[in-house]
């Protein structure tokens, strides 16, 4: 199968190329780029790819569309939506790693992303690509955000069992530096970020409505998320620590059973019986989840870890592509 | 003034020696050690101390007690209490960096520390040395834990104003690696801990009752803490993110005023108007606090950062010593 | 093909299991362990292996020998030699990752390793497994040291062309922390090693005679190595910077041609036209080499980088196994 | 004494302000800035300074010159020379942290720095400020480069004793990331530089002629330096490993004696009897030096470590200022 990609030089894009390079069915045929037309890809990354790729311009990419079976977009939000439309108009499925199609409600999108949506007519024709929840796939797949992936996988078994309604849920999420992307900013310099950590955007992060929307789809009514991220000095990995006030009626063991049932036959979610370390999922598409019930305060704590660049971006994109073509979900990911 | 110290080779002990070395009034006269009798101190640390110290054995240390004005103990809990008793019996003030005298309730101590208290008669004669709260000093000063220092400085203005009663407060605290101390364990090896983070001891950490006890002293009734720590790959620094459900009756600005009033004339607590980074307090005795009110969920979020080895240990110990002798609180700490 | 392994819990051993796990031909049938008999392997590492392995005791391992086609040993030097003998006596090929069979000269071994060799009769029946140099394979393969791999791949084209005789060559090699292994020592704790670097063992490292021996085999007479390693705060990677006084008769371009000829058809050595970064070879079996001629001083500088755990240990072991069974050299390594 | 500074926001500048803040005699009266006129200094750094500084524009700075006793310049080379001239014309001593006045030979400057020198008439009126070598001070002091400081302190006792003539000396120097400064470049982003190391500019670094010039002043004739730097993932610290072919006539002990004699009464150079770690000098003005004689190859190896931002920049600048005003050399630096 012939795959196209626009946006191969960011951290998620590089990981996506690595995964495609090893995939037994997908073949990366075209990498489009605004800035690096005709540049050998290896010269931009240093990574030893099996295949030698050369980036092509966006016009050339558009001309190639008829030969492609699927397009991945790893572009900034706001920029991505035009290409989603173009690829969709050409009748080709598209997996969008940006935030542009994650919220179905255009007003909510414009409020949190502070930009107008130029393809809002397509919002209803897209699938939110959290793989473990997909029942039907449209031709436009909105690959979830990294934080929502870790958070929702930790929360959905509860939402599905109607245990979250009328609650405020606190998500304290810690992320490695690659979540900030590759753009040049003072705060992402080595000397500014090493040996330090800092919170940012408490209560104001765009992933808040993404999480709330999905919980609501699963039957949670009036569930509010306080999303509070921090950045820590490491390259990749997310640890989402989720706090939920319970009423004491369910034992930890009963709650575990809900999780086991929900994730039956889901190969990439692992319920583990000890505190997770982000290194255990580094470079993999796994999400490791551990539950703690604090009886002193009746609080359920869910620790959920992923690799933000794999299960939180490129790996899940491949998993979505596998699902789209009804291949084994794990192809190229183990 | 002549100072004695037992426990100079752990991370807090080394910082304490550095601070004493620069202090204009205190002079480190004796360093006692079980393991390194007659060893030049510099050979154990590499740090360029102004003074040349040689460790002495514990018997020699005990003989020197009459010549000392103050003793610092930086020993493991369980071990420290015997020395507190010895020094106190000799009529000399002692600042204990262990957990042995932080909880006045011996049953609480024995439950959380899982060891029996051999000097419980002295529990009532000790001062909990969170400097910003001290009104009267006993001859035994229990230097607070690192997490409780960051957490309580974030919470006390609210407790003082009776805003925490009947609440469960979530403290998600992230710590650098030096909090784990210098003992040889697989999990603190560079290759095991770099580029990874992990939660530990959710709901079960010994600092939980220390925080609750102090809140209770400040008039909070039935306030419960869910304390949830994680370790991140950096040497030093604590970020405590504290989540409190409010009722919406107080504006953020009104709450800030409570903090400003509480910390008036407290030189080491800085209320700041942006998200704190742990590097801003690295190597200092400051605690930086920032408040966020999330109106969507009526949650107050307090981000509090300290250097765990300074304000969370050795710096606060010096600050306590300054207070004890009615010196300028900041002496040797700026 | 059925593979056995003793020594699966060190850093090289873990990488070896990961590589075997993905190898299309080799199947890891037995992992022997002195300390972890009957322990599930995943519980020791956290890594998500495709297969579930359980460690077996050494007696059980020995009983299984007849069913194995190849045994890898990732044991400390001194310990490994007995197992090499046992496996070899059973008529099964063995790839030894320790230093026990790297030096053919037993006196040289005993001088540099400070232990006696209990299987010296087998020294002449082993192959030094630097894959790019192998012409004939014995049943005992001594997998090279990490530093010698990076150093020799940088030097052998010159030795082969008789350009190193009567010279002193300086190798300033920098290594990540995993080179120090997983044993518990103060110097490998996170807080001791992060944000610091240090030289060690200048002129006294065991890899010195290993490099000299191999250069001598390639026709260098009276070539001396001054090997000078340092450790830097990162997990994996070696950068060997090699300095050779030249006589000015050969241009840089002529020297590059010697390298190109020597490494023709060697898929894992890449001659690159810019300064190498260790991250380019991280997680791979590549060795990247760049040459600089400093005309001011007539010094040739060779910068050679590898991943010490892959090309410097487990990856090269797999490559040796592929060669042994006349499989494609790159199988399971791309 | 009233001190002025231009260039307070780079890494060396920030350290300089910290040191001035604690200095008992110098008082920082004016900080000039092109970009941050009227900006509170703390808002740019986060560091808790005792004093509150506000940056002023360059015109305002120039007007203040008559009130100043000394000016520090921490500006890029090429930019600094104009300000050196201005301050010098105003009759005020100036300590220049750039490379503009380190080479007396204008042709050598223009060849290695690739820019023309607009104040070459002042080159002969400046002092090369390697404090341990200064015999007479001019009003213009060229603060040495970080690499030359570590390298020259390792080499000068030999040059002084005429042991380096007609030799090629190899300096393999490893530096932390702060040496690259604060400018926004892809290669200094956290995710690009963490967990990787790389050589750069082998044989082409500007510090080469600075080292050679100084050796020549000390009587070395025809001594050539091959300077070969690498960058390692840590914030600060330099380890210079220096390799010199000896003739075997001097024992290590005899060489140590030369060093002891040369550094008698030099408080910031410490000859140590074990391998140095950069963390031992971190945050200090010390240079730690250790010597190894490799008898197998008759090579002397000198390992020299400094904190590149302190002894390699701001600390040495303060030391120079102390010397200039005939204060105790160590004032404000211990």
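To keep things simple, chains are lettered A, B, C and D as they appear, and every chain counts its residues starting from 1.
The criterion applied here is as follows: a contact is a pair of C-beta atoms (placed from the backbone, for glycine too) under 8 Å apart; a residue touches a chain by one contact, two chains touch by 3 or more.
Here the structure is a predicted model, which means the values were calculated and not measured.
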Key: Chain of greatest Cα-centre distance to subunit A   = D
Request  = Identify the chain pair with more contacting C-beta pairs: A-C or B-C.
outcome  = B-C
Request  = Let me have the rounded angstrom distance from the C-alpha centre of subunit B over to the C-alpha centre of subunit C, please.
outcome  = 47
Note = subunit A to subunit C, mean C-alpha position gap in Å, rounds to 38
Key: Multi-partner residues of subunit C (at least 2 other chains)   = 194-195, 233-235, 277, 279
Key: Residues of subunit D that touch subunit A when the two form their complex   = 11, 177-178, 182, 184-186, 188-191, 193-195, 233-235
Ask   = If you look only at subunit C, which of its residues touch subunit D in the complex?
value = 168, 170, 172, 174, 176, 194-200, 202-203, 208, 224-226, 228, 230, 232-237, 239, 241, 243, 245, 275-279, 282, 292, 294, 296-299, 301, 303
Query = Given the complex with subunit C, which residues does subunit A contribute to the contact?
reply = 46-48, 50, 194-195, 270, 277, 279-281, 283-284, 286, 334
